[in-house]
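The next part holds the structures, each set out as structure tokens.
Two complexes, one shared chain (subunit A), two partners (subunit B, subunit C).
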Partner chain A sequence: MSAVVDAAPPSAKPATDGRDARTAWLLTAPALMLFVGVLVIPLAMTVMLSFHDWGQYKGIEPVFILKNWHEVATDPYFAEMFWRTFRIALLTTLITAVLGAPEAYILNRMSGRWKSFFLLVILGPLLISVVARTLGWALLFGGSNGLVNKLLMSLGLIGSPLPFMFTETGIVIALAHVMMPFMVLSVWAALQRVDPQIENAALSLGAGPFTIIRRIVLPQIMPGVLSGAIIVFSLSASAFATPAIIGGRRLKVAATLAYDEFLNTLNWPLGAAVAVLLLVALVLIVVGSNALIERRYAEVFR
Partner chain B sequence: MRTNGPLALTFHTIFVVIMLAPILVVCLVAFTPEGYLSLPTHSFSLRWFRAIANYPEFVHAFWVSLGLGALSSLVAVLFAVPAALAIARYSFRGRDTLAALFLSPLMIPHVVLGIAFLRFFTAIGIGGSFAGLLVAHVVVVFPFALRLTLAAATGMDRSIEMAAVSLGAGDWTLFRRVTLPLILPGVISGWALAFIQSFDDLTMTVFLATPGTETLPVRMFLYIQDNIDPLVTSVSASVIAITMTALILLDRFYGLDRVLAGKNDPGR
Partner chain C sequence: MSFLELDRVAKQFGAQTVVDDFSLTVGKGEFVSFLGPSGCGKTTTLQMIAGFLDPSRGAIRLEGRDLTAVQPAKRGLGIVFQSYALFPHMTAAENVAFGLEMRRVPRSECRERVRATLAMVGLAGYEERYPRRMSGGQQQRVALARALVIRPSVLLLDEPLSNLDAKLREEMQIELRQIQRNLGTTTILVTHDQNEAMSLSDRIVVMSQGRIEQIGTPQETYERPASAFVSQFLGKTNDFAATIDRTATPGRLIAGSWSAPAPAGLAGPVTVSIRPERIGFGDAGLAAKIVTRIFQGNHWLFQCESECGAVIVIRQNDGQPQPAEGEAVRLAWRPEDMSLRRAGAAA
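Moving on to the complex of A and B:
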């Protein structure tokens, strides 16, 4: 959210008279009404829904009980599912950071035309439907004689085919591919603020390439890596299409479980509890890590 | 500035190959002459592209997606322009809260939004309707329209406006002849990003779509849930081709980097 406040003007008049405030509210009124009517109220209703009762034959009963929350808190099935969700999100974040940051650095050192060409190649997938991209991985994994397994075996890296479909490994690989553009873009943005002369100065003072990466480049792009990590983590933890297609019906994460409860089991109150818990957990994680990063890197962001 | 060494270039090559592999394999399999999923080894065939015509649900879903994207992004822009001007120009009590509210759909997981909209629309009796879908999409793409318009409105030179006012321009003339043309590039980027978001959304839409209002990603997803056959690859390949064409056109006439810059959102 700090992005808004930063983007918001120093140019705005410091002291505002009543007329200006009235104009401002008038201008924002349509959007505000839309958001209160179609976002705030539905979200509040969803929170309420998570306290309602549900039965196979009686449907949803508008009472206030803690049944769903009790079930989510005590049934180990939900604990396992949430661990899986966050484990997948964390691994995906690590992979995108470890591979995406160096790639952004390499891209940034390319010469003009190649730079924009490869930037387009890497960011372009962002505009192609997640369903199509995940389908591609499903085809590459495709059973025991999928291309990925054939390649790994011909390289001698593995002796026998690894299962990718319907496994967490498969979900993480496909999800890392889907999320990679966000990380590259974030590190790329951080790199644009780095003065290349600092590297040259370090070089001229006798620093080796690894010292330069470790002492000069990494500290400067770290804010970009971290903000990229927050984006990737929160999008991965709530991802739906990739876990649904690669994970199949058995390997559930929070989003696919909520989908099942709503559209297959029809236990809306339980699904709402899962969704609200996911939202609260993500908001806490994102706001918490944002605050940590901003405090740690206050001078870089200024 | 130092250049990339062989190690860096090897890494880069592998990276790009992996990024492109799943997309390429979808496009290749789409040309298979076989009745099952396989890479075309002997000959290329267009049979699975022709098969799309025999499955009108995909064609219909494509038009739904296109119409929904165009309409929702347009409505979002209409709401976003006055809001962005107010936030950019006036410092009033509650401005930061308002801005946070308007950008909040970026932070809320789409699965939660889908559930909230489904619950709400069912309760007020417009569940499964196109109108519901449209309103939901407007809210979800609104932050993209707002952010880019906001950036344009913040960065704009107000002295031109003052000149117009001193020359006697009224409020509406000022907006139509001076302000709007100045912020138009931002508004167009915002509209384009909003359109892309709407067109690609699966997670929220899958909760709201009914057989008549299924968007293309939803139709593709539901199809894959039942069976993966070459038909869905040819549909994907067609979408990829259309996206690429649109991208190239956008890049030619507008500059893709300007549009994509808005995708990087640390708050998300």
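Moving on to the complex of A and C:
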């Protein structure tokens, strides 16, 4: 999110001194080695893997073919799955933005003690495993044994259990819950940069509460909402635990599909192709929207 | 006469009384400053006038109408905040136009008034700039234009110049005063800078710990301070002990080897308060030795050790020879230049 808002680093003085440059390399070497060792090399290997062949009986063959990519590109199953993945991510992002931005705003206006309390309430879930949180949703809504479903049915409000498990709606709701803290934090950070007197300034000029929100507050926290949206979108599109628990094997998204190819079908090359495609798509979307946002707000928030 | 009136206004935050018993009447077109150290309740008082805070007690009236019953958005006051509180996502012109838009001023009139007001504060040609691209002084002008364009009945300024460097501040003071004179807008300025208060205001309200210490013209507050706090807060002052001897007739006021006929009233130990520029070096008077002598361009500053304690003397640099450090001198002043308080009277 800092990429969006603090977009302009002071232009660094070009290193004229050779010794300075050497020192810089030396100092960054450990981090660089770690980065190469745990990220670049496995990534390169995954990309390579996606071009290998695989057969039920012969296993992985280290040859260079486009079979997996061809399959991913032509089989409508994959198109549907990717489309579902991004639809879920987009809906989750929308929900977190629509609920999270007002939440952060209200939180920011609370006075001292309540503020810290509710901040804890909102951030607390981050301390609990995603699996536990998602299972909570499953307990509440899962089939006819879910608590809420049982209650509603015994009250006679609904005839059959609300569909939640193995539905996109279920995944979106559970994901939105999981991702909410990231959106709230991001908007919260943007709110910290808003002059505390600015609403009074608008008020003194005759603006009503709704106008103040729409014309003064919202435009200023928009960069925060957008950077939160980027975080939530990319985390949701690559989320594994929540879609795995709620969607199961019936409703697959990119991450759960790649997992299945790796661990159940054992078709590693195909799984690698799916994983690489997800990664590339996400990088393109994130970098693209970040660039757009930066251009849009460069003039104002530099 | 009274345009804006504050009647025994008080503000409490929990158990803490931040402003108490604040009564003031401001005439139409008058420029009044609230002067006091940081934390004395100036901003709180201003925000009660603006309507961002409700007074705990007392009444605020504008042209006889009860102002506290009016929504802040409907009070029609112009406010310049210490942080300027400009809308960062709007250009200078959009910032200034905002108040007019809220008043549904027709577009062409709005454009013309924005242009004229920005020109008045010296920002013609800066209409399309965003605040982040402007200097502190320019932002401050935009904030002033934004407050003035709505033709406010009262202009409230909360330490508007404190974020500017000294030279710019002086320029802005002169400009602010000119603009205020031309428009005739009733203005209240909050400041902790006594020079600013004195050079801008018709009257100064000196505040300390939420209470009014004195209300008066700059000259009155400087030359006839109502309390030790006022005399010390407004410029340098010398306070030292003296006695009034009533055994002789007529009675005499004695400070070391300086003495003068005693004024009527007080007797016994008193505190003499005198401005450093009113003390001269003479042949008779308070015996003192010059400890340090500091040259400050248009004047000299002497720190002296006298019979009655430390005394500061300021002399114009008028080309006359001045006493050197270590030299023994006699300090004298005209009795009418000093003010007397009973010793131990509240500071």
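Methods note: the second predicted complex is superposed on the first by the 266 of 302 C-alpha atoms of A that agree within 3 Å, B and C clash if a C-alpha of one lies under 4 Å from a C-alpha of the other, contacts with A are read in each partner's own complex, and residues count from 1 in each chain.
In this text, contacts are C-beta pairs under 8 Å (C-beta built on N, C-alpha and C of every residue); 3 or more make two chains touch, one makes a residue touch a chain.
Not measured: the values here are computed from a predicted model.
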| item | value |
| --- | --- |
| Partner chain(s) touched by A:Ala189 [first = subunit B, second = subunit C, both, neither] | first |
| Contacts of A:Gln220 with subunit B and subunit C, given as first, second, both or neither | second |
| Which superposed partner A:Leu203 touches (first subunit B, second subunit C, both, neither) | both |
| First, second, both or neither for A:Ile95, with subunit B first and subunit C second | neither |
| Partner chain(s) touched by A:Ile122 [first = subunit B, second = subunit C, both, neither] | first |
| Contacts of A:Ile246 with subunit B and subunit C, given as first, second, both or neither | neither |
| Comparison of subunit B and subunit C by subunit A residues contacted | B |
| Touching partner for A:Met179 - first (subunit B), second (subunit C), both, neither | neither |
| Residues of subunit A at both interfaces, subunit B in one complex, subunit C in the other | 200, 203 |
| Residue numbers on subunit C that touch subunit A, as the complex places them | 47, 50-52, 72-79, 81-89, 98-99, 102-103, 130, 132-133, 146-147, 150 |
| Complex contact set, residues of subunit B against subunit A | 1-4, 8-9, 11-12, 15-16, 18-26, 29, 37, 79-80, 82-83, 85-93, 95-96, 98-105, 107-112, 115-120, 123, 135-136, 138-139, 142, 146-147, 150-151, 154, 158, 196, 200, 202-203, 206-207, 216-217, 220-221, 224-225, 228, 232-233, 236, 239-240, 243-244, 247, 251, 256-257, 260, 263-268 |
| Touch list for subunit A against partner subunit B, complex | 1-5, 7-9, 11-14, 16, 20-21, 23-28, 30-32, 34-35, 38-43, 45-46, 49, 99, 102-103, 106-107, 109-110, 116, 118-140, 142, 147, 174, 177, 180-182, 185-186, 189, 196, 199-200, 203, 227, 230-231, 234-235, 237-241, 244-245, 254-255, 258-259, 262-263, 268, 271-272, 275-276, 278-279, 282-283, 286 |
| Residue numbers on subunit A that touch subunit C, as the complex places them | 195, 197-198, 200-208, 211, 215-216, 219-220, 299-302 |
